[in-house]
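Structures incoming, each one as structure tokens.
Shared chain: subunit A. Partners: subunit B in the first complex, subunit C in the second.
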Partner chain A sequence: MAKNEEALFPLADHFATPYQQVESSKLGMWLFLATEILLFGGLFTAYSVYAYAHPGVFKEAHRYLDVTLGMTNTIVLLFSSLTVVLAIHAAQKDKIKWVVFNLGLTIVCAAAFLVVKYFEYAHKFHAGLLPGRYFTNATISNPDQAHIFFGIYFLMTGLHGIHVVIGIGLLTWILLRAIKGDFGSQYYLPIEISGLYWHLVDVIWIFLFPLLYLIR
Partner chain B sequence: MTIYENKPSYLNEQKGLTSWLFTLDHKRIGIMYLASIFFFFIVGGIFALLLRTELLTPGKTFLEAKSYNQFFTLHGTIMVFLVIIPGIPASLGNFVLPLQLGAKDVAFPRLNLMSYYIYVFGSLLAVFSIFLGAIDTGWTFYAPYSLQTQEKVVMMVTAAFILGFSSIFTGINFISTIHKLRAPGMNWFKMPLFVWGIYATSIIQVMATPVLGITLALIVVERLIKIGIFDPTLGGDPILFQHFFWFYSHPAVYIMILPGMAIISELITTFSQKKIFGYRLIAFSSIAIAIISFLVWGHHMFVSGQSALIGMIFSALTFLVAIPSGIKVFNWVATLYKGSISFATPMLYALSFLFLFTIGGLTGVFLAVLSVDVHLHDTYFVVAHFHYVMVGGTFMAFLGGVYYWWPKMFGKMYDERIGQLGAWLVFLGFNLTFFVQFYLGSQGMPRRYYNYLQQFQTLHVISTMGAYLLGLGFLVVLINWIHALFYGKVAPANPFHATTLEWTHASSPPIAHNFVRQPIVTEEPYCYGDEPHHIHGLAHKGA
Partner chain C sequence: MSFRHMVLGPKPHIQSVALYWIVFFALVSLTLLTVYLSHYDFGAWSVLVTLIIAGTKALLVMGFFMHLFFDNKFYALVASTSLIFLSIFILSSVLDFDSRSYVDEQDANFRLRDEKVYQRSLNPENLPFRPGLSEPDKALLIDIGPGEH
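Let's look at the complex of A and B:
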């Protein structure tokens, strides 16, 4: 399983060359990433509108988020972006063992992210720091507006969390194909495409973390 | 349908229902879209006829007020999300685009089939929600009413959300196809103008639809757990909903009209047998419309409470849209000048488009004027305006396009006389229905009202009669198509002497892989030479 130079490029019928197929797939993925950014863009806009309308409330409410856990997750995700790149690099060098290792590490990181997120959410549920009508926290000074902060917090991190879960599924599928011997220096397009997706998930978190956890 | 037995084509290459349901062929997917879209068009059209019938008299004619509210919502929602937005790109775009580019298929055939099934699933969910409790919010789902009504808003909104994915995937597919799968020699300025129009449309589909997605998701969350984003009683802002909604839905208006313009560019040049006037200007004006479309959404909100300054900026930006639209219309008219014009059925629709779109476009400029809009906002004037653009513009082009590519799609000719009759009925019925609505609106008849003053009744009756005539016209069109499918004469490869690849290099209907040999493009599209053919009806020999 160490070397796999025989994994040939599965050229689809309607493409003339592998180059054309690779270029088309990458362009399609970049366009999809653009739609993802716009999807989150709506939530970033909502965040901006309410952060502008109630700056004091947002400043107070964000103290209920745990910066240490948020920071841990940021590091975990950044590291997982590195391992995806290493997996692509290994595929280019035909080192399939390293492809499998790095993809596996990425999936472990993604799972670790979700575990940390679970503890964060559990704490919020416990303290009644929930969106809308479920908001029951009594210690916060302005609950009528503070619930909007937590509404936006859960929407943004929740939508991001869904993307992490989809990422785990996607990377697991790629991992299984790598074990099967589908990839090598001739063909590693699916790893690259999934990697692009995983970087997006990472980049969105890079914006979520300061906006939600580090308000000044 | 003997022709299908004789020569190999995409229609007879594989047989049986499953060969259609699991096909990856862009042509078959296009045909399936076409059938589905016209099915939902009939559903939406029936709601329209019921509405117009109810409006024959002030007060109750035969519907309760609540049913009336539900019916106009369903008419709008079905026509917008199930018919006109997917309409031309998903059906004709799917069929024609790869052929015009000289490609074997779209870039991602499996994604293409998936977006079809997403469309079907979303559409069925929308129709299913009608039986559980049809929504009554209007197709715009404005908060806070959409947060309060007892009807199945969540289900309908989820359906629209799902349909959005279909639209996004189609857009991604087409952009990638246009960038990467053009035939050797076909540079950007050798592409047919239909391709340019679909390209501009796809950009809007990809860039605007996700924002609708998140907006509709927020409506669902707001209804389910009262999160307080749009609901003013929870500290939310209903105006924010309008901003979000129109940030998508204004560009969506251009998702609807740009493919119509794309078809018109093909029809005008083919049926004038003359090189299109101002190719690059038409191409770039499509892109210009796509870009400006993102900057004008606030003109829906002149009376919603946005600041006067913002209103002025949006008004000025809205005027800008008239420039690329005007460029197109003038170029089409210049193409007609000294052309060898034939009044075959597709051309009748193209000329209808020129008349009706011009009226629809110019009345749009009236509405962009801040002071005039205060008077006309939410009246029948607005209803007439957007029907002139959506039906008079897009739908005329759609019908013209289906007639034009019919011989290519099915290898059969349509009946020219029934075709002309249908085109005239549609044109007259349409104008009768909607022209009076400009006057109704300017006199103060508000849109979406169940009841009205006695003085408006005559005009409402005229409008309803027009709607029946329009319905009859569509019926004639439908009969002609079904007739052509079974009894149409065998179509030659290039019955209209067009110059784009789907006519010059592919048979009618094309083979499964489109071309026997990879076409190589050496000249610009629309080179008709010095002695153009004169197409008189369909009485001419094949290519």
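Let's look at the complex of A and C:
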């Protein structure tokens, strides 16, 4: 390691010290994550109110979701969260090859999540389990209200899916920077910040999975 | 406080890889547990059981993976503030809906009818018992008094 390790630390002009840079970046990210929680919060509130108003509809409609696929996706996302922290850990230990490996694994898991989601959506499109007036499924016992469940299902998983896509873009950018050699044990802040975003996507899915797939 | 400490801050607490793997396996076990428990009916408690397990998982991810347990506690304050206000939002909305049935009887009937349709749907013989989207099933309509329709 070079003697003047402070000089190796990329420091933006508007920060006095690297420490201040780390602390304010993380605080900024947590504030953003708080607004993300509130963004999804509106949908969770809609879910709660409709689940309260139509208990039977929710109990019946959720049987049309595939629990096995949902569980697979949960475990895939949990594993991708693990690989993100392992990437940060590798950066702290200056093992850049492991950073690249773990970030790559995270992106693969995120893509796998979207592939499973595609099959789930395709099944629902074919079965006519769609929101509002596009709902054409005839096997459900309460079609006048059942579309509400699928409206909420598509909104919540759709918004979550958009976040997964954004996460893939973000992690790909971080991966390319890691390959370029931008990170080391002195500077891995961007990996941490993108990691925080990715974990939040995971946390939201942790609530979506049981509420949509497992209610009774 | 040394100059180095002022500039670079306290040395980051580097957690062991084993800890992360333990947390991961705990998360997977909790996922399997919640799927397993979904086969049993706890009635009104099932939502609570589900939310407790999901909350534990979220706490594990936020605490260990997002480093809330190890980092500056101010981040934890920011995160929990948003969660507290979100729960106020959800709770007041549901309480509002819950209390409407005291004012408007029709609202309570809505839930009752819903439950009734669901109970009928549990018997496969009844499915599909409304092939079209029109034509309401008379047997499922609950009498809500004169002049209310």
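Just so it is clear, the second predicted complex is superposed on the first by the 209 of 216 C-alpha atoms of A that agree within 3 Å, B and C clash if a C-alpha of one lies under 4 Å from a C-alpha of the other, contacts with A are read in each partner's own complex, and residues count from 1 in each chain.
Following the convention adopted for this analysis, a contact is a pair of C-beta atoms (placed from the backbone, for glycine too) under 8 Å apart; a residue touches a chain by one contact, two chains touch by 3 or more.
Just so it is clear, the model here is predicted, and its values are computed rather than measured.
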{"item": "Touched partner set for A:49, first subunit B, second subunit C, both or neither", "value": "both"}
{"item": "First (subunit B), second (subunit C), both or neither touched by A:134", "value": "first"}
{"item": "Touching partner for A:203 - first (subunit B), second (subunit C), both, neither", "value": "second"}
{"item": "Touching partner for A:38 - first (subunit B), second (subunit C), both, neither", "value": "both"}
{"item": "Residue contacts with subunit A in the superposition, subunit B compared against subunit C", "value": "C"}
{"item": "Which superposed partner A:148 touches (first subunit B, second subunit C, both, neither)", "value": "first"}
{"item": "Subunit B versus subunit C as contact partner of A:14, first or second or both or neither", "value": "first"}
{"item": "Which of subunit B and subunit C A:181 touches, first, second, both or neither", "value": "neither"}
{"item": "Partner chain in contact with A:28 - subunit B first, subunit C second, else both or neither", "value": "first"}
{"item": "Which superposed partner A:169 touches (first subunit B, second subunit C, both, neither)", "value": "neither"}
{"item": "Where subunit A meets both subunit C and subunit B, residue numbers", "value": "23, 27, 31, 34-35, 38, 41, 45, 49, 53, 144-145"}
{"item": "Contacting residues of subunit C [partner subunit A, same complex]", "value": "4, 6-9, 12, 14-15, 17, 20-21, 23-24, 27-28, 31-32, 34-35, 38, 41, 46-47, 50-51, 53-54, 57-58, 61-62, 64-67, 71-72, 74-75, 78-79, 81-83, 85-86, 89-90, 93-94, 97-98, 110-111, 114-121, 126-133"}
{"item": "List of subunit A residues in touch with subunit C within their complex", "value": "5-6, 9, 17-19, 22-23, 26-27, 30-31, 33-35, 37-38, 41, 44-45, 48-49, 52-57, 59-60, 67, 71, 74-75, 78-79, 81-82, 84-86, 89, 92-93, 138-145, 192, 195-196, 199-200, 202-203, 206-207, 209-211, 214-216"}
{"item": "Subunit A-touching residues of subunit B, taken from the complex the two chains share", "value": "103-105, 107-109, 111, 168, 171-173, 175-177, 179-181, 206-211, 213-215, 218, 221, 225-229, 234-237, 240, 244, 518"}
{"item": "Residues on subunit A engaged by subunit B in the complex (per definition of touch)", "value": "13-16, 20, 23-25, 27-28, 31-32, 34-36, 38-43, 45-46, 49, 53, 131-134, 144-145, 147-148, 151-152, 155"}
